[in-house]
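Per-chain residue numbering starts at 1, and chain names A, B, C, D and E are given in the order in which the chains are listed.
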Amino acid sequence: MSFRVASSPHGHIQRKTSNVMLAVALACLPGIATQVWYFGFGVLIQLVLAISAAMLAEAICIRQRERNALLTLKDNSALLTGLLLGLSLPPLAPWWIAIIGSVFAIVLVKQVYGGLGQNLFNPAMAGYVVLLVSFPLSMTLWLPPLQLVEYQLTFTDTIMLIFTGYSETGYSLAQLRVDLDGFTMATPLDTVKTALTNQQTYSEILTGKVFSDGYGIAWFPVNLAYLVGGLWLVQQKIISWRIPTAFLVTLFTLSFITHIISPDGSASAMLHVFSGASMFGAFFILTDPVSASTTAKGKIIFGILAAVLVYLIRNWGGYPDAVAFAVLLANMCVPLIDYYTKPRTYGHVSG
Amino acid sequence: MTILIYSLLALGIIALIFGAILGYANIKFKVESDPLVDQIDEILPQTQCGQCGYPGCKPYAEAIANGDDINKCPPGGDATIQKLADMMGVEAKPLAGTEGDDVQEPVKTVAYIREDECIGCTKCIQACPVDAIVGAAKHMHTVIEDECTGCDLCVEPCPVDCIDMLPVQPKPDTWRWQLQAIPVKQIN
Amino acid sequence: MTPLQDISWQGIWKNNPALVQMLGLCPLLAVTNTVINGLGLGIATLFVLLGSNITVSVVRNWIPNEIRIPVFVMVIASLVTIVQLLMNAYTYQLYQTLGIFIPLIVTNCAIIGRAEAFASKNSVGLAAYDGLMMGLGFLLVLVVLGAVRELLGSGTLFAGAELLVGDNAKTLTWVVFQPDENFLVAILPPGAFIIMGLLIALKNKYDKRIEHIVVGEQEKTKIERARVTLES
Amino acid sequence: MLDIKPISKASGILALFAICTTGLVALTHIQTKDKIASEKERAIVRTISQIVPPDLYNNQIAQDCLMVENHQGTQSRIFRARLNENNTALIIETIAPNGYNGRIELLVALAKDHQILGVRTTAHNETPGLGDKIEVTKSNWIEHFAGLYVTAENSKKWAVRKDGGTFDGFTGATITPRAVIKAIKETTLWAAEQESLFSAKSNCGA
Amino acid sequence: MESLVEKIKSGYMWDFPGGVFPPERKKMSLRDPIQQLPLPSRFYVTVKQHIGEKAKISVAVGDKVLKGQALTQVQGPMQLPVHAPTSGIVESITDHPIPHPSGLNDQTIIITADGNDEWCLKQPTINYLTLSKVEIVDKLKALGVAGLGGAAFPTYVKHSNSQPVEVLIINGVECEPYITSDDALMQAYAAEIVSGIEIFTHLLKPEVVVIAIENNKPKAIQAMEQACAGKTQFIVRAIPTKYPAGGEKQLIQVVTGKEVPSGGIPADIRVVTQNIGTAYAAYKAIVHGEPLIERVVTLTGEQFKKPGNRWVRIGTPVEFLLKQGEYQQSKTPRIIMGGPMMGFTLHNAQTPIGKISNCILAPSETELPPATNEQACIRCGFCADACPASLLPQQLYWHSKAKEYEKAQSYKLFDCIECGACAYVCPSEIPLVQYYRVAKSNIRLQQAEHEKAEKAKERFNARNERLEREKQERLEKHKQAAEARKAAMSQDPSAQDKVAAALARAKAKKQTDAPSPETKANPKQSAAAAIARAKAKKAKAQAQAQAETNISQNEPNVENTKLDANTQNLEPTEKTNDAPANSAADKAKAAIARAKAKKAAKMKQDEQASIASSKHDRQQEKQQETSHLTNNQDDKEARIKAAIAKAKAKRKQLGEDK
C-alpha cells in the first residue's frame, strides 16, 4: 500500500486563476456589446487581433523560457490582456497597431518581468501607452459614433480600412474624418479640453452635436455598461470594491469642486466620471490584481492616487485621456503603498 | 585678465582650506580595524576546514575583504556565497571547482571514530581545529558530536583510518519541511 | 591573455562601463536618439576618460590618499570644461544638440570610477590604454543604442552627420525606410530605457552562451587546501 | 599634539592642483573665446538665412539686434536686415503662448512691406507625432506662410479652416496650428504698427 | 465603563478578521453515537506525545504492565508521562513511526495486549475539593493529561501558573471540517465535561467560564446548556461558524475581543483556554484516577464505509482503525491525521494514534481533490482577506520562496498559525502554508547553525590561544636553559676566553631556535610507529580476548592537553556499535567492550575534571581513575549511564546559567 503524502490544507476552494480571469473577461461583455453598437464591427476585429497576438506572443515566450505553453495559456491571463488592450484601441486603427501593442504588452511588460504575477505594470495599459506615444495619429483617430456618421461603413469597409487603410470605395480614414468636421476626437473629454483651450466656455461646448445627450454621445452608455459589468465582479468578490470606489469618488469630488468654482472653465463631474475610460479603468484596469495594491488600506490609497493623476493629466496633460498614464504611474507607487499600509498583525501593538 | 587671476586665487585658497580639513579629518577619524572582516567572518560557517586555501575562516574573511573570490567555501555552499555576494556587492558565482549547475546544498556531516580501531595516537586531536575530539595518548578518542563542525580535517591524519564522516541523521526534533516532498511514499 | 588584451576585453565587453557597470546612464540615455549624437558624446567622453586616466596615473604617487577624490574631481571637471569649450568652438551645432549633457560628463561615474579603480594603481601607459578601451566601450554602446533608436524612431541612420564633420557630410544620412508613422517611443526617453535593457539582456544571453563553450574547455582552478592545524 | 605635516601637505597639493586645473581651463577659455562668439553669430545668421533670402542683406545681422517689448508684454529680440544701409527686413522672435503643451517659440521674418518672408519654430513642447509638425524637419507646413500678408481685411481669414479660415491644420492636432497661426498674425500686425523698429539703436546681439 | 466580564456575560461577541467557510461535511461521522472498539493485539505507545521533553522510560522489555500503568516517569519540567493503554507485555522499546508530519521514527514502547485489559490500581478521588491545588496539579501531571485540542500542551503547566485568570474558555468550537469528536463527546458526556471544567475552575478561580461551541452543533450546545443549568458562572456561547474560530488565538479574540501578544501566552491577558476533550480527560483523571489512555477519534471520509466516532486507546495503530471503519482503498490513497485544513498525511499505516490524533480522514479523490499544478501568484489578495492573523500571505510567500528570510520575518512570518486559510482560497493553488513551514524551519536551522558557528569560532580561537601560549612557554623554557648554561659558562674561569664564550652563546642560541622535539619528529616515522603499535595492540587484544582487565594495564595518560574544563560537554556516541569489526567476532566484541570501558573511564574523568576546579591534582585523579577501572569492571553499564546523566545535568545547568 502506498500513501500519497501532501501538505495541508488538503481541501481547496474551486475557484482557480483561470476562472477569475475568465470572469473578468465575461464582465466585459456588456461593455463590448455597447462599444460594437456605437462604433461598429471594428471593435470586434481589434479584439480578435489583439487577443490572438497576445496569446501567440505569450505562447512563444513561454516556449522560449522552456515552460509548458499550453498550461500557461490556460490561465487566461494573456486572453484578458489582449481583450483589455483591444477594447482601448480605436476601432478603425490599422491592424499592426493591435499586434504591436499586444506583443509589447506580453513580451516586454509581462514576460520580461517574469511572467504572470511578476509584472510591475498593467500590461494592457503599458501596451496602450506605448502605442499612444508612438503612433499618436492612428491612436487618436476615432470616428464619431455610428449614429452621427453620415457615411455608414459596411463590414467589408471596416475590414478594408483596418487592413489596407482604405475603405471599399477608396476613402482613407483621414478623408472619412474630414467630411465630418467638428468631431475629431473620440473622447468628449478631449473635445472639451480642446475647446476650453480655445477660450470657449463649458456651456458653449455642450451645445455641440457630440454632446446632445449631455455626456458625449455613445460614451455614457459605454461607461454604464462597464459599470454594470464591474458591479457584477464586485458582487462576485472577484475584485475588491475598494479600488473602484476610491477612484470614482475621488474623481467625482475633484471635478465637482472645480466645476463649482469655475463652471465655465472645467468639465462637470458627471462628464469626468461617465466619459472616457473612467468606468473601464475603475473596474477593469485599476483592479488588475498583479499591478494594484494588495492591502486593504493600500487599495483605497491606490484608487485615490489614480483618480488624482487622471484628473491632473486630463486637465494639464498632453494626451486626451489619462487613465492609462495614471494607472502606470500609480502602479509604480504600489510597492511603496503596500509597504506602508501593512495591516496590524494579530498580537502586535499598532504602530 | 584680472578676473582670471582672482578666480585662480580663490580656487587655490578654497583648495588650501579643504585640503587642510581633509588632512585633519584623515588623522582624526582614522578607522583602525576593518569591521568588514568581522562581518564576513560572521557569515562564514566557522568549520575552520581550510578548504578555501586559508588556515581558518577568519583568514579567509580577511582575504575576501582584500578582494579574493567569494566562492571558495564548500561547507557554506550556495547560501553562504549568496550572502557574501549581497554583502560585497558582487555577483554570486558557483562554488569554485564546480560546474555552474551542480551546486548542491552541502551535506552536514559529523566525524565518528570507530573506537575499537583507534590506537590512541592523538593525531586527530591535534588536527581538530575546534577541540571537538577528546582522548589521551594510547587511549581511544571520541568525537563530541555537538562540537564537531564536520570539517574532516581529522580524517587524513588518522594512521589507522578509523574516522568516518557520517551525514547527520534527521530526528523528529530537527526534521524540517522540504518543498519538494515526494508525493507518494511506499510503505511496507 | 596579455595585460593589454585583457584591458581591451574588460573595457569593450566584459566590464563594459555602460552595459555592465551601468555608469553614466544619464547622458547615455538622454542623447542617444541618433547615431551622430551618440557618437559625439561618446568621443567627448572618450577624450575626457583618456585625459583623466593619464593625468591621474601620472600624479598617482604624489597624492595623499585623503585628497585623491577631490583631485580626481578637479582633473575631470577641468578636462570636461576644456572639452566643452572646444566643442563649443569647433562643433557648435553638435554642442547645441548635446546641450547640457556635455557638462554632465563630469558626473559620469565611469570616469571617476576608472580613475579610482585603475589609473590610480597602474602605470601611465596601461592607464591610457584602459581609458581608451573603456571610452571605446562606452562609445560603442552609445552608437549602437543611437542606431537602434534612430532606426526604429525615425527610420534613418547617421542623420545630422553634418553637425559632426561639416556640411558635406549631409549625404551620409541614410534613409532606411519612410513609414507614415514611426515607432516614436524608441526616440523618447522611455524607449531609451527599454532598448538599453534589451541590449543588456542580449549581452547577458550571449555571455552565457560563451561561458558554456569556454567552461567545457577550461579546467576549473583547484584550490589548495590549507591545514588549519599542525600535522604532527 | 597634532602632526601638522600631512595636513599642510594635503592642503598644499590640493591647492596646487586647483590652480593648475583652473589655469588650464582659463587658458582654453582664452583660446576659444573668439571662436565661440563667432560661431554663435554664425548660428543666428544660419537660421535667419533660412527665412530671409541672402540677397536682401549684407550687414552684420547678428549684431544688428534690438530688444524691445512686444504686444504680449514680453521682451523680444528683433534682428534688422539691411542691404547697403537700406532697410530690407525684420526678423522677430515671438511666442505662441497657447500651444497644446505650452509655449511655442517662433522666428518670423517680415519684409519692409510686412510681407511674411518665412517662419521657423525654434522651441516647443508639442506632442511628438502630432503637434511637432510645426518643425520644418518634420513637415513643410510652416513654410506655407512665406509670401503672405496680414492685413486688417484678411485678418479674419488667418485661422484654420475649421474656424472659418484659409489654413489647413494637420491631422491629429488642431490646437497647435491654431496657436501658431494666431501668433504669426498678431506679430505681423504688431510690427506693422511700430515705427522705429529699423531706426532704433542696436542694444543686443552676440 | 462595562467590565470585560460583564460585557461577555451580556452576550456580546467579537469577530476576528479573515476566515474561510470550507464545506463542513460533519454529518458523515455523526450518524451514530461513539462506539467502543475491540482491542488490537499490539499497541505502539510513542514516548513523546506532547510539546516538551521526553520523560524517562521506566519499564524494560519483557515487563508485564497493567492498563493505566505509567510507562515513563517525569523527571523535569515540561515532561509528561505516557501510560499503558491495556494490560500486556512490553514487547520491545524501539524506533517506530510516530504521529508526526515527518513520518520519521522515534522511540516507541510496543506492548502486546494480553486481552485481559486489567486495570492497575487506580486512585479515584470522590471529592477533589479535599485535595490541595498542588495535589490536583500533580495528579494531572502523573496521569498524563495534555491539551487534546491540537498541540498536546501539558495541562498541568497551564494550572501551575499563579497569574490571576479572568476568563476560562472551554474550546468546543471544532472548526475543522469533518471532525466531530468533540461534538460527539459533548453530546454524550456533557455532565462529565462540566465536572472536568469545574476542576479547572477550582484550580484557576476564573471570573467567568465561557464554553464556546460553533453554532453548527446545536445538539452539543443543547447538551452543554443542560449540563450547565444553574451554574451562573458558566456561559455556553454559540459562536458563528467560521474557520479557524477554534484556533486558540482566534477563539480568545471572538470571546473576549483581546489579542494574545505576539510571542506571549493567553495567561498574559488573563485568559486560559482548555479543550472539551481535555476537560473530560481531567475529569477522568481526578475523579476516577484514570490516566489519559483513550480518546475519541473521528473516522471519516468517503473511503470509510463505516465512518463515525470511536473510543480509541492511545497507541492503537491506524491500520487497525482503517479495518474497523471498513476503509476502501482508492488508487492513490491518502490518509490524513487531523482535519483537512491542518492535518497531515500519514506515511505509514502502522503509525499509532497519539494523544492529539482527533481524526483519521480518508477522503476520496472527488471530495478533496489532490492539489494540481501550482500556478503563478497573481497577487489577487484573496489570501490576505482570508488570513485570521491579518498577515500578508503573498508577501510572506514571495520572501519565503526567494529565501529572503529576514524580510519574511519582517512580515511577521512567525505569527502565522498555519491554519491553511490562505492556501485554501488561493486561486493559483499555491501551497502557501508549505512555503511558510519550509521558511520557518530554515530560519530555525539557520539560527541553530549560526549558534553552532559561533561556538566553533570560540573554540577555534581558544585553541589557537592555547597553542600560542604553549609555544611561548616552551620558548621561555629553552631560553632559561640557555641562560643557565651561559651563566655556568661565565662562572667557569676558562670563559675569560672571549672566543669560547661567543661560541657557547652561538650554540645556546641555536638550541633555543631549534624546533621543539614534537614538531621535529618525522611524521611518517611516527605514523608508522603508531600503526605498528596498533597492530601489536590488536594482537595483544586477541590474545587476551577474554580478559577484559587488560585495560587497567594501560596506564591512563592524563597528559591530555585538551582538558579544558569549560568545554567538556560530553555526550555518549552510540556510533561504536556501528563500527564494522575487522577481525573475528569475539575479538571485535572484546575491542568494543574495551572501547566502551575506556570511554566510560574517560568520561568519568572528564566529568570530574569539569566539576572540580581546573587546577586539581592530576596525580590524585590518576589514582582515582585507576581504582575505578580496576574495581568497577562489573558495573560499567551503570557508570556509563551515570556519566551520561551527569553530563546532561551539567549541560542543562550550564544552559540555565546562561
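Points worth noting:
Please note the rule applied: contacts are C-beta pairs under 8 Å (C-beta built on N, C-alpha and C of every residue); 3 or more make two chains touch, one makes a residue touch a chain.
Protein identities per chain, from UniProt: B = Ion-translocating oxidoreductase complex subunit B.
Because the structure is predicted, anything quoted here is derived from the model rather than measured.
Path length between chain A and chain C in the touching-chain graph (shortest route): 1.
Of all chains shown, B has the CA centroid lying nearest to the centroid of every protein CA atom. Ranking all chains by how far their C-alpha centres lie from the centre of chain E, first place goes to D. Averaged C-alpha coordinates give centres for chain B and chain E that are 31 Å from one another. With each centre defined as the average position of its C-alpha atoms, the distance from chain A to chain D rounds to 42 Å. Mean C-alpha position of chain D lies 85 Å from that of chain E.
If you average the Cα atoms of chain A and of chain E, the two centres end up 57 Å apart.
Each of the following residues of chain C touches two or more other chains: 64, 66-67, 70, 74, 181-182, 184, 188, 228, 230-232.
For chain D, the set of residues touching two or more other chains reads 6, 9-10, 13-14, 17-18, 22, 128-129.
Contact with two or more other chains is made by residues 15, 18-19, 22-23, 26, 48, 56, 123, 129, 177, 181, 184-185, 187-188 of chain B.
Those residues of chain D that touch chain B in the shared complex are 2-3, 6-15, 17-19, 22-23, 26, 30. Interface residues of chain C, counted against chain B in their complex, comprise 64-67, 70, 74, 211, 215, 220-232. Against chain C, the residues of chain D that register as touching in their complex are 6, 9-10, 13-14, 17-18, 21-22, 24-25, 28-29, 32, 35-36, 39-40, 42-43, 128-129. Against chain A, the residues of chain C that register as touching in their complex are 180-186, 188, 190, 194, 197, 201. On the chain B side of its complex with chain C, the touching residues are 15, 18-19, 22-23, 25-26, 48-56, 72, 96-100, 122-123, 126-129, 151, 153, 157.
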